[in-house]
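Multiple structures are listed underneath, in structure tokens.
Both complexes shown next keep chain A, but they swap its partner, so chain B is in the first and chain C is in the second.
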Partner chain A sequence: MTQPARRQPFVLSLLLSAMLLSGQALAAVSDQDILQDPKNPEQIVTNGLGVQGQRYSPLDILNVDNVKELRPAWAFSFGGEKQRGQQAQPMIKDGVMYMTGSYSRVFAVDARTGKKLWQYDARLPDDIRPCCDVINRGVALYGDLVFFGTLDAKLVALNKDTGKVVWSKQVADHKEGYSISAAPLVINGKLITGVAGGEFGVVGKISAYDPKNGDLLWVRPTVEGHMGYVYKDGKAIENGISGGEAGKTWPGDLWKTGGAAPWLGGYYDPETNLLLFGTGNPAPWNSHLRPGDNLYSSSRLALNPDDGTIKWHFQSTPHDGWDYDGVNELVSFNYTEGGKEIKAAATADRNGFFYVLDRTNGKFIRGFPFVDKITWATGLDKDGRPIYNEASRPGAPGSDPKGSSVFVAPAFLGAKNWMPMAYNRDTGLFYVPSNEWGMDIWNEGIAYKKGAAFLGAGFTIKPLNEDYIGVLRAIDPITGKEVWRHKNYAPLWGGVLTTKGNLVFTGTPEGFLQAFNAKTGEKVWEFQTGSGVLGSPVTWEMDGEQYVSVLSGWGGAVPLWGGEVAKRIKDFNQGGMLWTFKLPKDLVAKH
Partner chain B sequence: MRLLAVLISAVWLCCQTVQAQVRNYDEMIAAGELKVAVYKDFAPYSFEQAGQPRGVDVELAEALAKALGVRLTLIWAPAGEKLDDDLRDYIWRASALHNQQLADLMMRVPYDRDYAQKRNEFGEMENGHVVMFGPYQNEQWQVAYDQRRLDKVGSVAVFDSHPIGVEVDSVPSFYLTSVFNGMLAGKTHHYPGVPQAFAAMKAGEVDAVMAMRGEIDWQVHEAADPQLALAQNAYPNMGKQLWEIGMAVHESNRQLAYAVEEALEGLIREGAVKTIYSHYGLRYDVPEMYQ
Partner chain C sequence: MSWRILWLLACWLPLAAHAASIDPGKDPVPSVMWAFYHKQMLGDAPFVFDDRVKLLAPPFAEDARQVPLEIDARAFKGEVVKILAWAELNPLPKIVDFQPLDRVLPWLSIRIRIEQATPLRAAVLTRDGLWHVGSTLIDAAGGGCTAPSVVRTQPGWEDHIGEVLGARYPRNDFSRLRVQVAHPMDNGMVSGVPEFFINHAELRSADDQLLARLELFPAVSENPNLAFDIEGAGQTRLIIRDNSGNEFDASIP
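For the complex of A and B:
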């Protein structure tokens, strides 16, 4: 259109307007797009490749035979000095890729060329208190907006074409210690987010907003005793106290500051119309101060997405004394047993047990260890409740002699941490990024906090094996059997993707993006990205070719630790790079 | 994530792109400016009132800067999970979250040999980058109570039946919820800070408040209510009953420590420090070193 004065032929302008119209129709992400996400391989509009979070792609252009021809198409640097842990999963819509970087940044990139379309940098205040690095785990898409949560606990909506702020809403006060690192999700026209920050004595909550304007729709506290609300015309209407009443599973008024932050966000199951969220550990950390189950800490919650009502809960670690957050993703899947279809959901907990629940009611179906060593519990009872080994509970600081120590496995970083597993519908297996480590916890001498003296506790994480910490495992959720394992020297901290092409992808802190045969565990491809891979890989189809993308950039919670784990990771460099690979068309048939 | 938070700030351990610079004494004098880290929102030690910096640490820092012939620049420090975090962020390594800014001097750091010499599991000094010196205040625990609802506090056992307010995630909270097998936990009420706990006492929600003596003295002073009394009870099983508060500099900056120490001793001996404490209704005991 460089010569606007020239008249266009009628047919051409008709065609153009038709294209523009269809372009608009394509551009807006609808509820239907979100619910159908796993079925449309040309776009990725949900975190988890589908609201259930299975991270399964039906694409098989790329498969275990031709994956060795997978090669870089382009790479994109996040730039700047802010090279920290990159943990997001990219989203793809209409040839544009959207993702977050460390320090609350958002990028939109041309998916064909890697050219940057726009970048948004949140202005962060000085006094943010992120728990575990300045990471972010991705965006949500809806309508023509891109949503993400910031380290200072805001939800921000950006225009997908310009990156300009359309609205911004404070979800919680960062000065109290709240932040947001998880990707929000949009379900039935509601934008839903959790918060991080339970360790600062705040109360966790899940909130829903109107994606159009950021109006609060409902809020559900995750600690027993707190009132939930729905909002109508700006007015708060009481919607029931979480857990019915205060003080049932907490002593004194500790429920007021109970923690249980749903900091990893959640997923959704359309078949039961339930949001599935996990919650963090209770506060205070010392379990001797809070006898009781401390609901709903270290639990999985099923919520009605319309008003945030809790439909059921399952607590993986009641009376948590080891910092086993219950935030890990609960992935919905169906299987057949005795001719009956079971609507199940599975989760691999920080505490070392893999749980299969009935997702219609939260009832425990089965559970089993998915790591080699668990010392804090000897097993699970018929309801899935842990059978504690009390000798493995850290003592009350000050009560035991200075220096007395207990060894506990898994370490508080978890048999599996935030990094999402994947479920392959063809193999029926879960691919779980796990870590084999334990921790020593001991009472130490005097410590100070803000001018006040107290007796502290010290701890250190220890690898259980000389030659590996990370183990990528293929786990059969029906039999509890491990079908294969692949060991990694450093702890695994990246998400997993699986495909119909009999492939499993995941990254390593050593910088490799790796592909495995989903059935056998044989490593079939790898690529060195230049920095540790903590992101969640995705795959999609564009112009008839299959692409794979992943973020590279070492950081996250693991480098926080001294001791023996630090020795394994101290030479890893920071990064901030988006890598995109493809299988060129002419190489598909070759194999 | 609680344990994570304890070590959180170690985030920056391996990954600083910009190395923060420790200024030596001569550079500090040449710049004509002493940068002092004080805790944020921590009345009566360091806080802002009507936009003005106030508090005993602020006034003492001003007096020290004046004695050194330089101007004072305050760095407001949100308290970390442990003092170790604050020392790392403001004295020796700096933090990307605070623009890599280091202070020359940090106030309200304990003067405690056991703490200063603390070693980690590898036998390394945990605070080897820091010199802790210059005790300027004694600190201890204190309960204030409302005589309209509580006659006296013979021992902490009265808080079995009388509600008591504490700051969330503070030592008084750990103490009252754990001592005597948690017997006092049911009557321990948690508030975001000591001022809110006092407001709750005024409103009749709690009969007493436990905090550090300076915080209690200031609140009692501000309340100007003759029915508020200071308890004389003991704190059985409390790890540390009495401790000294001093300052910290980087270990390469001992020259600054000596200069500050000399200035401080003068201020203590001439009574200037006691006067500063009196501005906030605080008792002042001269630390043992100067007696």
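For the complex of A and C:
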């Protein structure tokens, strides 16, 4: 296969690398770099390959015809006794790769050779409270700094060349159950982060900081009734109560410990100037204790990045009783219908429904199931609100220690969990890493105690099929049709990447990084990384060659909460590695 | 490395002419490492072994994790640019880079970790660009740098990080400020425990004038003990920063 169109970038990149080698000063990451990512194929400076989080690379040096020649270039160990739970997406800037490892660590590695440039290990207190393993999902880059959030809920800025701490700020109190596991993002000169801790009855919030010095700029609570603030010259100025006032969708004082943690961070849509964040489960899990919709739990929020004001919300699971967090990424994309361009956003929810929203106002366009079995709701109404199957809500315990148990699908770990899907602009399809599983769930009495688990529920998770749990699906967001599926024995827990080369990449807990034909779903390449792949793969161009990188290192939530599923995964071994592959130059011409 | 750059900038030019003519004298302690550290710490700059720089340490380290060390360069009062101290045979040799400025005497007391019997050095840079090296030997059973922290075995240690205990003790024409800072000073040599240590401290007066600046290294003991001699009265502030970016600010009488 010949590709004359490749010549120009190839020469350009050679020129660029020659300039780098000649000692030209390296540019700091700017707002423009971030907004245009991944237009410059030599760098990845956003989580999601672009602020919209489409995870689509315009590179096609590597394609479905030559992917079988993709081979490892180097590997890098996360070392020592901290191998498990590698979930980050690497970033690449000026030939350096930046990523987090588990246990709140950051690494900078030479992208050409895999040589470690520096490592930062946060010193964690003994009483951190991550609900779901010691993972982290990556860094943000801006200026000369590298940012990440820690398991004890700090935001830390490191010098990109030395790894030394430039500043560190406590975002929230880890003793109350707060932690940070998502990658922060920088939009228009503001560093924005969410928090985790919905299992401890924290109050979710989204905060913006000055990347230069860590000064707090605004904070927006994600539970109705809590005041938001903007900060000027160190002074807090009231900026409106989230939801207007307390008590509209929560009974009594429950909103004070309402959860709704935006633990997966968010993305940004430049066309509407909106931050798009998801929020987690309401606390406690026992829904009988909190009649009402419990805003803004299990929702998608659109925020003004300047001051954190909520512009619109869409609640996927009102009055959630199954831990169906609404955190999953809301990915902006445009499509044409009846000659009109629709500014849409799509999300594949924990609750099993795939939603397409109008991202200018949050209105529901359409929704449909993306897994085979959903029992908690029979469908969605015209506004996208679920039509509940009341028999699938676990009973109130009353005076018994335990309420009636029900079998529900999907399981609380979700039809899709944190692992980000990808949207391919050429095929118009979303590639969704999903899982087919259900659970027995029952409610129990619970009272809030600071820093203690605030669930009021018990559960055990069960596979729905003997031969698979994970299903990678290609979904048409316009028709709701599943175009293809690829089954996997263990539950999928890794992010997805798609490219102009008609490729879809994702990893499996069994340790394979796999590539699929984006149009047909045919598996066209795989590589055994030695441990389960939970990370999100990336691809970029360097010295005229296309590279692919992914973190490997089994861990995360599944082995901790796995119930009967644990049998399928108990023999998976740990091993934290960063794998980098490339298509050698001389093999591009061959095909 | 930055020490070396500073040295080059500040001192190399004026001294270059007569560098060769300075006789350092005889090393008062047996050392296999002097040439190495002369290069690494002092950038091969001109120096003299000088017994006017007094380095006081017990002959034997009873507790290798908490060895009291006193550096006394008061013989060079008014002339001192900075004082570097290190323990030659420690795996992490650097102890402190101390710059006494206004009103603070060139004297420092500090507690350190010793991994094995070792020469200790304090090199005092005077304004004329010459390093005056004070030396002593300490014997030890060893293990002070690789033993697990005592602080960390106490529940709730995280709550007390950065707490400062301190007081001023009047002498004749100065007063001694003694402080203890709660901090594990993890040096990264205990498996599974990353580096976590105070790396910077400033002593300031009530009117925010800088009195002394210190760069600290993980050879300093956990819960560091420091003492300074200060001329004149008035409240002082100790500002501390660790390598995790935590900042602490303590007022001391």
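The rule is short, and it goes like this: the second predicted complex is superposed on the first by the 539 of 591 C-alpha atoms of A that agree within 3 Å, B and C clash if a C-alpha of one lies under 4 Å from a C-alpha of the other, contacts with A are read in each partner's own complex, and residues count from 1 in each chain.
To be clear about the criterion, a contact is a pair of C-beta atoms (placed from the backbone, for glycine too) under 8 Å apart; a residue touches a chain by one contact, two chains touch by 3 or more.
This structure is a prediction, so every number in the text was calculated from the model and none was measured.
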First, second, both or neither for A:Ser168, with chain B first and chain C second: second
Partner chain in contact with A:Asn286 - chain B first, chain C second, else both or neither: first
Touching partner for A:Gln83 - first (chain B), second (chain C), both, neither: first
Partner chain in contact with A:Val156 - chain B first, chain C second, else both or neither: second
Which superposed partner A:Ala122 touches (first chain B, second chain C, both, neither): second
Which of chain B and chain C A:Phe527 touches, first, second, both or neither: neither
Touched partner set for A:Trp437, first chain B, second chain C, both or neither: neither
Chain B versus chain C as contact partner of A:Phe353, first or second or both or neither: neither
Interface residues of chain A shared between complexes with chain B and chain C: 81, 126-127
Parts of chain C lying in touch with chain A, wherever the complex brings them together: 152, 157-158, 184, 186, 188, 191-196, 243-246
Parts of chain A lying in touch with chain C, wherever the complex brings them together: 80-82, 105, 121-123, 125-127, 156-157, 164-168
Touching residues (chain side chain A, partner chain B) in the complex: 81, 83-84, 126-134, 176, 196, 198-201, 251-254, 256-257, 259, 261, 263, 280-281, 283-286, 288-291, 323, 325, 396-398, 412-413, 440, 444-456, 458-460, 555, 557, 559-563, 570, 574
Footprint of chain A on chain B - complex, ascending: 1-8, 10-11, 13-15, 17-18, 39-40, 42, 45, 78-79, 81-84, 96-99, 108-110, 112, 114-115, 118, 120-121, 139, 168-171, 173-174, 177-178, 182, 185-190, 192, 212, 237, 239-240, 243, 245
